[in-house]
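Starting off with a structure, shown below.
Chain IDs A, B, C and D follow the sequence of writing; residue 1 opens each chain.
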Amino acid sequence: MSEKKEPTPKPTNDEVRIGVYVCHCGLNIAGSVDCAEVAKFAATLPNVVLSKDNRYTCSDQGQDIIKKDIKEQKLNRVVVASCSPRLHEPTFRKTCEDAGLNKYLFEMANIREQCSWVHLYDRKGGTEKAKDLVKVAVAKAALLQPAEEIEVPITRKTLVIGGGVAGIQAALDLAETGYRVYLVEKEPSIGGMMARIDKTFPTMDCSICILAPKMSDAGHNSDIELLTNSEVSEVKGYIGNFRVKVLKKPRYVTKDCSACGECTKVCPIVAPNEFDVGLAARHGIYTPFAQAVPSTYIIDMNLCLNKDGVIVCDKCMKACERQAVNFEMTSETVELEVGTIVVATGADVFDPSTLPSYGYGKYPNVITSLEFERLINAGGPSGGRLLRLTDLQIPKRVAFVQCVGSRSDRNGRLYCSNVCCMNTIKDSLLIKEHWPETEVYVFYVDIRAYGKGFEDLYKRARKEGVKFIRGLPAEIVEDKKTRDLLLIGENTLQKEIYKIKAGMVVLSIGLEPRKDAEMIQRLLTLSRTQDGFFMEAHPKLRPVDAATGGIFFAGCAEGPKDIKDSVTQASAAAARAGILMAKGKVTVEAITPIYSPDKCKGCGLCVKVCPYNAITFDKASKKISVIEAACGGCGTCAAECPFDALTQSHFTDDQLEAQVDAVTEQDADKKTVAFCCNWCSYAGADFAGVSRMQYPPNVRIIRTMCSGRVTPKFVERAFAKGAAAVLVAGCHLGDCHYINANYQTLKRVEKLWKKMEQSGLDKNRLQLLWASAAEGEKFANKIREMQTIVDGVKSEEIEKAKKVFEKALGGS
Amino acid sequence: MVEEVMHPFMKYLRSEMIPHIWCPGCGNGIVLNCFVHALDELQKDLDKLVVVSGIGCIGRTAGYVNADSFHTTHGRAVAFGTGVKLANPELEVVVISGDGDLFAIGGNHFIHAARRNIGLKVICANNFNYGMTGGQQGPTTPLEAFTTTTPYGNIEHPFNLVHLAAASGAAYVARWTTLHVRRLTMSIKKMLQKEGFCFIEVISPCPEIFARRNKMRTPLEVMEWYKRASVVENFSDPSKAEISPQRLVVGEFVDVEKVSYEKLLHEKISQINEKAVNW
Amino acid sequence: MPERITHSPIDSKQAKPKKAEIHLIKDQCKGCGYCIRFCPKKVLEESQEINARGVRPPKIVDESKCIICSFCTAVCPDFAIFVTEKPCEGGC
Amino acid sequence: MSKKALLTGAYFMNGDIACAEGAIAAGCRFFAGYPITPATEIAEHLSERMPEFGGIYIQMEDEIASIAAVIGASYAGLKAMTATSGPGFSLMQENIGLAVMTETPCVIVDIMRGGPSTGQPTLPGQQDVMQAKWGSHGDYGIIALAPSSVQEMFDLTVEAFALSEIYRLPVLLMGDEVVGHMWEKVVIPPAAQIKIVNRKKPHQTPDKYAPFMPDDDLVPPMACFGEGYHFHATGLTHNEQGLPKTQSSEVQSKLVRRLCDKINMNADKIIRYEEVLLGDADVVVVAYGIVARAALSAVRKAREAGIKAGLLRLVTLWPFPESRVARATEHAKAVVVPEMNCGQMVREVERVAKTVPVSSLSKLGEDPHTPKEILEVIKRCA
């Protein structure tokens, strides 16, 4: 299933010629690191034939210089000291390739996110650290080997999770491009949030009128298979070759249903319709809304009289001419093979009953903006008449309260929910349009009308007489007699207390991550940002890609968005997925295991720890073989092998040991050697840099793909070389980018701790950190903590550790 | 609430025979109820209906249904029905009888009628014993069950009736309990509209005789067992349709289109007469 | 849909359920108790009276709870109970 | 148009086939049977003939099923018949009782062979004649006929159907292996000369109809399935409405007595016999079936030898022709009863012929009596 590109390049045994390029990144680096000095230092390092510093190495000129040097100076290794490899490694690898140098002969030193930005006020310490980092990079570079990437065929099918407008758009785009799409929706119908909204801003189109055609397109498109009332239950495999299990829950109504609705007329069960946030009633057998796709009805088995398996009531069966009711239906698990996955799981709305001062749930005339949408919707419970719930009268005055659950760490979420301002403005205009005599007040923090045509709409609202008052009410109280509501708060413009009576209060509730986001995260091994939304591979350059290959985001799953942005992102995600599938092949990074059969004793430990079952054991020959295409590249097999029969390409034992040696060559007793995994902890360290969190410069980060790659002997070697402390950092357990490889990390560190205790060493000197890409603060704190540990280590302890672990120096 | 009014199904019953002779909670009453319910929903022409039964409690059913009906000797209901159906294929011949009657003394007739696929509609109320004669062991009595003739527990393996019917060639085979009244009624309706030999087994409480001896003190306990243990497995392998305290597999097991014996016979007859003309 | 349901339905489109009239033919009842046990709305319970057959027929606890699923009619072995729709007086 | 049911004309055929043709001529349109020697040819012939005019032939799984199907077919409105021999006849006894109890018109042919049990499949016998009367449990009246020629196999089958339709009961045709397998000339008369009788239909409307309410002849009119009468019939003791009344001695005696009386009281109408030279006979031979033919020539030879011998051939075995036997024997010196059994009908003869010595001439296990054998006995008694 995978083949190597021909011809494989011969290993370069001839003299190693390294070129080092130290980037100023304007002042981003040069501001707190003396780049010229770093360059000068680099020139003194073994195998370095030239060393330069320039303003922007990533600029065309910067890249041209490298290309020129490779050709003219016969460089066969390149080291760039600049930003995080997570940002620009691809850029410079390309540069090398253009100049005819195998891209695996390139190495980077991260002196921005992990140096200049975190030591803004310590130029000396920053510069020293930068030198070290370059030295480490050079040490590795000297041992780099050229490598070719293997190609894996891509299944030309996509799984779209979530049937809201984003999911629908992505599905349609992909289907129209000619790919097969499986659109999985948890609810009985696709349509999502948009189907429940009355009008859309700023154009004021009828929401369902523009969505319904898309829904039925998705329903009718022969390349889209709808799986409604279904949930993804398992995802295995890797980019291009995902194997997905979908749990299809029974509808108890077959496709023969003609949606005539006779069944609902006879169903004795009446329940609130979730689609209308309970403001309308539905029956036990029902369709959530008129335009539902599929139109097939569904039975709510939690309420149905027949839930115990015995048909007590058969009214719907009798009423159904086409005999579409089938109580024998059971859940089935559908197995799909897809090459790409689009995550369009959307967002939940904030529950305001957690804010007692607003009286939601206590005062019936306090409703949410979502309930408002159903009330004002012609297809809604009131037939589009804005009724207040106590007396079903049209209120004389309606008050909107903004930022309910948004922009406050105490009352909900810190972030801005993006859509509430414009939604309220739209709603206020709708009221004015239908009931001009009804007064509308909007209480806000500040109005964010940033989008195209938004400001005009805002202006229109003001012109129509909507009163905007800055300052949220501190409290809402109900008049027991009239059931009117009194809003009390401070007008922060006039600096005065207001007390305003309204017949109805609409809480403009924010958006928050789906309750089941964590489940999706685990299934697809994704990361999430601090606010709980899914994290893109890069906020600027790969805004719709997940860090996990072959997975893309569309809509609110990645962060609050309005319809336009959701659709835009959906099309983008579809395009990104399409690009992969159009190629039909994906190249897997050459970071797969290198196997030396002669050293292998056939213990089979590697087979046990491989998260991808990519290693098979041949009983006869007592040897193993590696399925490179299935290999995820974590390197935990290499860490597990007791006989050094396995190592990881581009992260070989020699290279990593050389990095450890480089770090510990000088002042080892003042340093922390840190091993960070590429996806979470290293990204977390970058994030600390991006957020300019300051921490002591004593740490030297060695990047591995996964913490599972960290062989105990690397740690031992660090101590043997006199390091004061060692940090091993990885993704949170369960979030591991390589399914479960970091459980091996835990196991190995615990072993080391035991060993240290037994030999009378302070196990505190070895620290284990689980940090997500979003936990920059956590990372920074850890480094500060490490500083105190380093300071506490006495020289005799250092010496003792050297003794205990000297065996590790045997090297390989 | 109103009292002493005419039950809607009374018109299908011989009022002088109601209340029937069956014990409190006896499943036979439910089988009869479901049967007339099906007749009612199909608006069956009662003039063309013949209900045949054999011996035993359920054998009285023929006497209760207000249509042409015949109460035959032990086990002969199916053979008798065969004669009726062949003599006048217009008639809907329904055999309602018990497990002992149909599968012990009448077993041979049953399998051969199924083999021929003659258009009889057979409903068997299976109560695991001979109720009317006082609760003796029968062809469906579960292993280790206690009856008046297995005081130490039954050592005979019981028939799996749906498996037997399917293996013998029935065109429609279903099993329900007397708790599954809706599905049973639906099955009976389906059967009454189908060609060929059809068979429905109804697991039916014998509260006074069998249940008492087997640690189920009340009719309700038997129905609770049905509720607890029943699993609907439509069109699953009838040979695996077990009946045990833990698991009671019900459902439709066979539903195939198959030309009936009487149809084939009358086709043959007309073919032969065609030839006769050409002589 | 995940959000909490706070208010109760207001829509008038919702037809009000039909009223039931439960008919007991007491002296035909043999007291098996099936109708009482399997009524999904627990409309019936055993009465204290003894009928002509010497058993306790069911009595109606709350006719208004009946939703006319008629399971009692279907499961009664003795044709002793059935349910009809109440002819509505003016009200509908 | 289909092939003719009635094959009027003269033929050379065996008794089984003649019986089959007789059934067809009588309007029998349903046959259910099970192969057994020596009756099998009846089934074989009907399996070929019945379809030619829309009649039903079916081979059932056993003789019990066969008679049960015949009863069902009769209630569904067809004239129905089954044919068998001793072992099958035994199996049929149960439902012969049902047919009697439910007053079902039908014909059961027993081509007798040597018994008991499997006995002698290919040899004749007359050992079932008492079983014909008493075979099924309980008291009841029955009609049994004994053909002694192939022609009679035809004629009496027609007659059997007529009687069964008139009196609503199973009629037994007690042939034997010889008449069954023997080939002779048979004349099938034109339709006009064939006595076809169909069962009485109810003269009341369905709501008034009681399926077992007899007329003066003690026979209830018979409705059939599918005619809208919605009646019930049961093997249990039942009242005139047909509904089971198992606890009432009154209903029981009324019913069972009628089942006997409807035959006894109509005996004269039912009974047929043949008499030869009985007027002055000193020695009266009473015989039936194939034996009667040997007896006839024995009587003739006796006359040639100057002995006043005469023959009374029983055509109807049951009800037993008591008065005629009494009359025929009261002036005789001796009575001889040759039978292919250990002496069964002879008991009935002794019962009524009180004044004269009755000698039984029993024969088992080979060919029927020869005229010589019978003649010797006549001489001895003369």
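As a working rule, contacts are C-beta pairs under 8 Å (C-beta built on N, C-alpha and C of every residue); 3 or more make two chains touch, one makes a residue touch a chain.
Keep in mind the model is a prediction, meaning the values are calculated, not measured.
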| request: Could you tell me which chain lies farthest from chain D when each chain's centre is the average position of its Cα atoms? | output: A
| said: Just to be sure I understand: the centre of a chain is the mean of its C-alpha atoms, right? Then which chain's centre is nearest the mean of all of them? | reply: B
| query | Counting only C-beta pairs in contact, which pair of chains has the most of them? | reply | B-D
| query | Distance from the CA centroid of chain A to that of chain B, rounded to the nearest Å? | reply | 62
| Distance from the CA centroid of chain B to that of chain C, rounded to the nearest Å? | 30
| In angstrom, rounded to a whole number, how far apart do the mean CA points of chain A and chain C lie? | 54
| What is the distance, in whole Å, between the centres of chain B and chain D, each centre taken as the mean of its C-alpha atoms? | 37
| query | So which bits of chain A are touching at least two other chains? | reply | 310, 312
| Which residue numbers or ranges of chain B touch two or more of the other chains? | 179, 181-182
| In their complex, what parts of chain C are in touch with chain B? | 21-26, 28, 30-34, 37-38, 53, 55, 60, 63, 71, 74-80, 82
| field | In the complex with chain A, residue positions of chain C that touch it | value | 1-11, 13-15, 17, 38, 40, 67-69, 71
| query | Which residues of chain B touch chain A in their complex? | reply | 179-183, 186, 227, 230-232, 234, 251
| Residue ranges of chain A touching chain B (in the complex, touch as defined) | 308-312, 314, 317, 327-328
| Which bits of chain B are touching chain D when the two form their complex? | 14, 16-17, 46-48, 50, 52, 60, 62-63, 66-74, 76, 79-88, 90-91, 108-109, 112, 265, 268-269, 272-273, 276-277, 279
